[in-house]
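Down below are the structures I want you to see.
One chain, chain A, appears in both complexes that follow, with chain B as partner in the first and chain C in the second.
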Partner chain A sequence: MAMTAATAEPASADRPARKMPDRTFWLLAPGVIWMVLFLVVPILMMVYVSFWTQTTFAITPTLTIKSWVMFFSSDTYLSALWTTIRIWLIVLAATLIVGYPAALFVGLFVRNKTVQTVLLVLCVIPFWTSFLIRVLAWRPMLGKEGAINLILQGVGLINKPIEVLLFSELSVIIGMTQIYCVFMVGPIAFMMGRIDQSVIEAAQDLGAGFWRIFRTIILPLSMPGVVVGAIFVSVMVLGEFATSAALSGRKVNLLGNIIVTQVGSLKWAFAAVAGVILTILMGIVVAALLRVVDLRKEL
Partner chain B sequence: MQASGTKLALGIYTTLFLVFLYGPMVVLAILSFQTGPEGGPQFPIIEWSTYWYKHLFGMTPPTRIAPLPIEEALVRSLVLAVMTMIVSTVLGVTSAQAFRKKFAGSGFAFYLIVLGMMVPGVLVGLGMALIANALGIDRHWWGTTFVLHVVYTYPFAFLVMLAILNRFDQNVEEASWSLGVSPMKTFRKVTFPLIFPGVLSAMLFAFTLSYDEFSRTLFASGRDLTLPLAIYGTFSVEVHPNVFAFGVLTTLFSFALLGTYAALMMLSIRRARRVAIQEEA
Partner chain C sequence: MAAVLQLSQVTKAYGALRALDGIDISLPDNAYISLLGPSGSGKTILLRVIAGFEAPDGGSILFKGERVEAVPPHRRNIGFVFQNFALFPHLSVAGNIAFGLENRELNPITDSAVVRAKVKDIVALVGLTGLEDRGVAQISGGQRQRVALARTLITEPSLVLLDEPLGALDANLRTRMRAELRAIRERCGVTFLHVTGSETEALAMGDTVLVLDRGRIAQADDADTVYNRPRSAAVARFLNCYNLFEGQLSKDDFVSPVGRFPLQGQKADVRGQPAYAIRYDRISVRPLAAPVTAEEVRIEGTFIADEYSGAAINSFFSLDDGRVIEVESHLSQAAPQTCVPHGRYALVWKRQNALVYA
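Our next item is the complex of A and B:
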């Protein structure tokens, strides 16, 4: 019960004008307590453990910054940090470039409501299927004897298979782009659908060409969608490790992969340091994206 | 928009986009019908067969290719998904109910809940593993993993319910109360039918997301594998078409869930429409 009181504290902070009614409190308490115990506490624990002392197979709660020094003086960890940032930027750009035209078509050009709904549903269905299977599905596509190489050879575009397609950084980027572009398409198409068609028609009547309309009306009005999509994609790509493990043949090591290996070898403190750095990175990215567009004003 | 040239170009692009989205899955499905046990996970298809599907169910003579350890994993994944679904739907409905009245600190509570779907699995998973390690608790799929699955799916349920309740006319409920109907009965007869589509959506989100959830599970579960962990185990070794066959089946299962959901939604919308017509008459 002490826990209940503690978590309710910030909620009833600006009393007495609108004190939380009893009913609201009891409805809200279970969910808030759950999130504090199993979301906030684990993250705080991660920060705490990153300052613990790591010995070969155990950690002791004696505070030290050794693990942090170790992280920033190790080439492996630093290069994982750069790889993470590089892959994130490339995938973010790729999902935007690949997804935006599709969202433009679905959200703005399709006038028939039924067709629009069907297309939107087709775009989001992969979200409800197994993530790992979608990653795995790229193996027979990209391999030396994979579908893409076979098709390209069949058409006569290339004479010998492109080997760099699988087990390289490129395969990780292709895989992630396909998996995460739906998170870009959804929010952008949603914002497109809210654009008032009569504004565009008015611009057309006044003689504006497509590019002019796109630059001055469509692009600015779809920006909140782009920002929401970018937040989703960024957070997920930065926290990735499975796609790089499955498609890069251990050549691409992201911060996520470092965490998995460190946990595997019981180096808890190092894993925690990598986790905290990842959290900080995400915080910076999300804060920066929210700077671009004031979501609360736009939505 | 009426620029027909642009529209055609974008239409073709969107078609290609859908091919990009679904192509790998189609190729995977085709290759799952490769002959076995000598056929590999690539083209050409030597001979069409359902060998790998039989292999999955242990109906083939044993070979050097070990069967996927899916039997118990499937049961665990389903039980976990049902547990997660029940708890996160209940939490989602109750917290969304709380948000129907303005209260101090609602912004804080809102962001705290939504944070659960934003924080990547690798971070909460690691945090939970650290806590379990420090406290000396054993990690299990029904314990540490389960609570993390709820952390992930409860925000979805919450947001869906919030969207439904925002459009919900409170006068209907108040009318019921003022007519002397008990709060329990009002909830059953008035509130619940109105929020049913939301509850259904919340359940769909929670079940499917938990069933496919991987990164949280990897860190927070002990020795017993769930389905995604069993699949992940095959990544490090040579991939055989049996994993493809499993991929096809689990995707079909997801589609069946989506189909059931769509059918139930359609029924509920039709019933709502019928009631509306009766009221008008």
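Our next item is the complex of A and C:
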């Protein structure tokens, strides 16, 4: 939601004052009505509710900043904020490290369009199963008696199971990286595919070796893909709660988990505070990512 | 003149297709060479093999006396100007031009003042002064062409390969860039190998014209010789100014489907398909009743249409077997015979002007 807000503004500024019959604006009506009713109003409502007075069993529309004060004075919530930022950064880096080389291969070195499509579809195949199954499937994989530990013990590399694999921050990171990697691969591979092969040959012909070409040509030309991928991954990871709930054994609390818990115990005002903070965080992240490249120019 | 590039028996096949079928060429230093070939003749593949983007299946490539088949393209120092220019879309004009100097593997120039000075020189040479800071999407096609050329020339290659460099420009600009390219080459003193599918471009540009036919060099001569004495029927066909008749050579005649053409001592020296060629502008159109001298060959045809191109008129006649003959009449010489549609005329040429291949 933060992303729509950030991109909509420059896009409308870019549109020249072309002479259009005023009627055409009605085409926007369904979208605008929908967004106002189900996005703008709820966001404003969330901000409003975050200032309501919360008692144990009830919530009253008397304005107060008590919930906000509580959030910023509680170690639990501040550490959840910090954990969210930390896991987001690690997952972002991991998806980039795993995804970029794959995208480079698919987008640039596979020149056959059919093979390229097949490889990209292969990346998406895990998405044919439900999110919950994908997350829960990591348990028999990473658990103390899971596949990885059994195999490592079988070949004699370790003699007792590695416990840190499951119900830890590591398992959350492993799970999220696997789930969100494809969102990084897709946009980058798309940008790579748009690089004209002859541009790379021209750089070669002018005497540049592979790493030089990578640094001076391929990397800058693929940056828009990296930024779009990073926005996808960031928005999804920052709002995550299911993966951490399923794979951390409640040890890793993200802002998303806090919201779920507070809503569950009917602490609406408090959930709203966490929601507003999360929204602001996403807004800052997306705005910062958009500063890296001028997407309007590049796409 | 020393040869800057020598290819001998270079072959390259894609499956059953022999794209390069034993290429032998020797390019002199400091010359403008044009390479004429129809599409599919293997001309782009030949350039890519020379530049190192494709490895030849066999044969040897000597560049400045050294074998380079195994040398990767970025260590060859052979310039390549791409048909679509292949400019770096994220760099400015100056950034594009400086790329080779700053990023080449063999002694890159790290001193930005030196780079700037060299860019300034080459920008002046190709006539781009004032556009250095523009993005490459903000300049015209002709200017992009110059950037592509400047970017290559600044690395001081001994040989520059140009792959249909004028193909992406509009007709007006193309003619202007021809003279420009030749002038730039003379100032740099390097060898240009200019590949083109246009016979007029090949003849106008090249000190030497190479003609490529199905993966082989069919002819390598100066423009005048190529135009007046194409070495094979295929070369004559590419030149787009010869009427060709297939047939057989008998003692003193060439027997074609439209009749016997008496010869006048032409020796048929080139192997390949037997053919009889007469240039468009060597044929004159006369009324059926007009007399014919002993040195002339005469056939009859039905007038179809003509095409006015300013200095000349090209007329088309269909012969009795359905083939179309083109006649070019230069308006500066004499008012040509005016023809009525569907009228029959005599098409006459001198025996000695015909070329015979057998």
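Assume the second predicted complex is superposed on the first by the 267 of 299 C-alpha atoms of A that agree within 3 Å, B and C clash if a C-alpha of one lies under 4 Å from a C-alpha of the other, contacts with A are read in each partner's own complex, and residues count from 1 in each chain.
Simple rule for what comes next: a contact is a pair of C-beta atoms (placed from the backbone, for glycine too) under 8 Å apart; a residue touches a chain by one contact, two chains touch by 3 or more.
The structure presented is a predicted model; accordingly, all values stated were derived computationally and were not measured.
Visitor: Between chain B (first) and chain C (second), which, if any, makes contact with A:V233: first, second, both or neither?
Guide: Neither partner.
Visitor: For A:L28, select first, second, both or neither according to whether it touches chain B, chain C, the two together, or no partner.
Guide: So A:L28 only meets chain B here.
Visitor: Thinking of the overlay built on chain A, is A:Q204 touched by chain B (first), by chain C (second), by both, or by neither?
Guide: both
Visitor: Quick one: chain B or chain C, who's touching more of chain A?
Guide: Looking at chain B versus chain C, the one contacting more residues of chain A is B.
Visitor: Touching A:Q178, do we find chain B (first), chain C (second), both, or neither?
Guide: Only chain B; A:Q178 stays clear of chain C.
Visitor: Between chain B (first) and chain C (second), which does A:I277 come into contact with in this model arrangement: first, second, both, or neither?
Guide: neither
Visitor: After superposition on the shared chain, which partner residues are touched by A:A102: those of chain B (first), chain C (second), both, or neither?
Guide: In the superposition, A:A102 contacts chain B only.
Visitor: Looking at A:D196, would you say it contacts chain B, chain C, both, or neither? Reply first, second, both or neither.
Guide: In the superposition, A:D196 contacts chain C only.
Visitor: According to the stated criteria, A:T216 is in contact with first (chain B), second (chain C), both, or neither; which is it?
Guide: second
Visitor: Once the two structures are superposed, pull the chain A residues common to the chain B and chain C interfaces.
Guide: Common interface on chain A, chain B vs chain C: 204.
Visitor: Please name which positions on chain B make contact with chain A in the complex.
Guide: 1-3, 6-7, 10-11, 13-14, 17-18, 20-25, 27-28, 31, 41-43, 91-92, 94-95, 97-99, 101-106, 108-109, 112-113, 115-116, 118-124, 126-131, 133-134, 147-148, 150-151, 154, 158, 204, 208, 212, 214-215, 218-219, 228, 231-232, 235-236, 239, 243-244, 246-247, 250-251, 254-255, 257-258
Visitor: Sort out for me which residues of chain A touch chain C in the complex.
Guide: 196, 198-199, 201-209, 212-213, 216-217, 220-221
Visitor: For chain A, which residues count as touching chain B in their complex?
Guide: 10-15, 17-21, 23-25, 27-28, 30-32, 34-46, 49, 61, 98-99, 101-102, 104-106, 108-109, 119, 122-123, 125-126, 128-134, 136-141, 143, 145-147, 150, 178, 181-182, 197, 200, 204, 210, 231, 235-236, 238-239, 241-242, 245-246, 256, 259-260, 263, 268, 271-272, 275, 278-279, 282
Visitor: Flag every residue of chain C that touches chain A in the complex, lowest number first.
Guide: 51, 53, 72-75, 77-80, 82, 84, 86-90, 99-100, 103-106, 108, 151-152, 155
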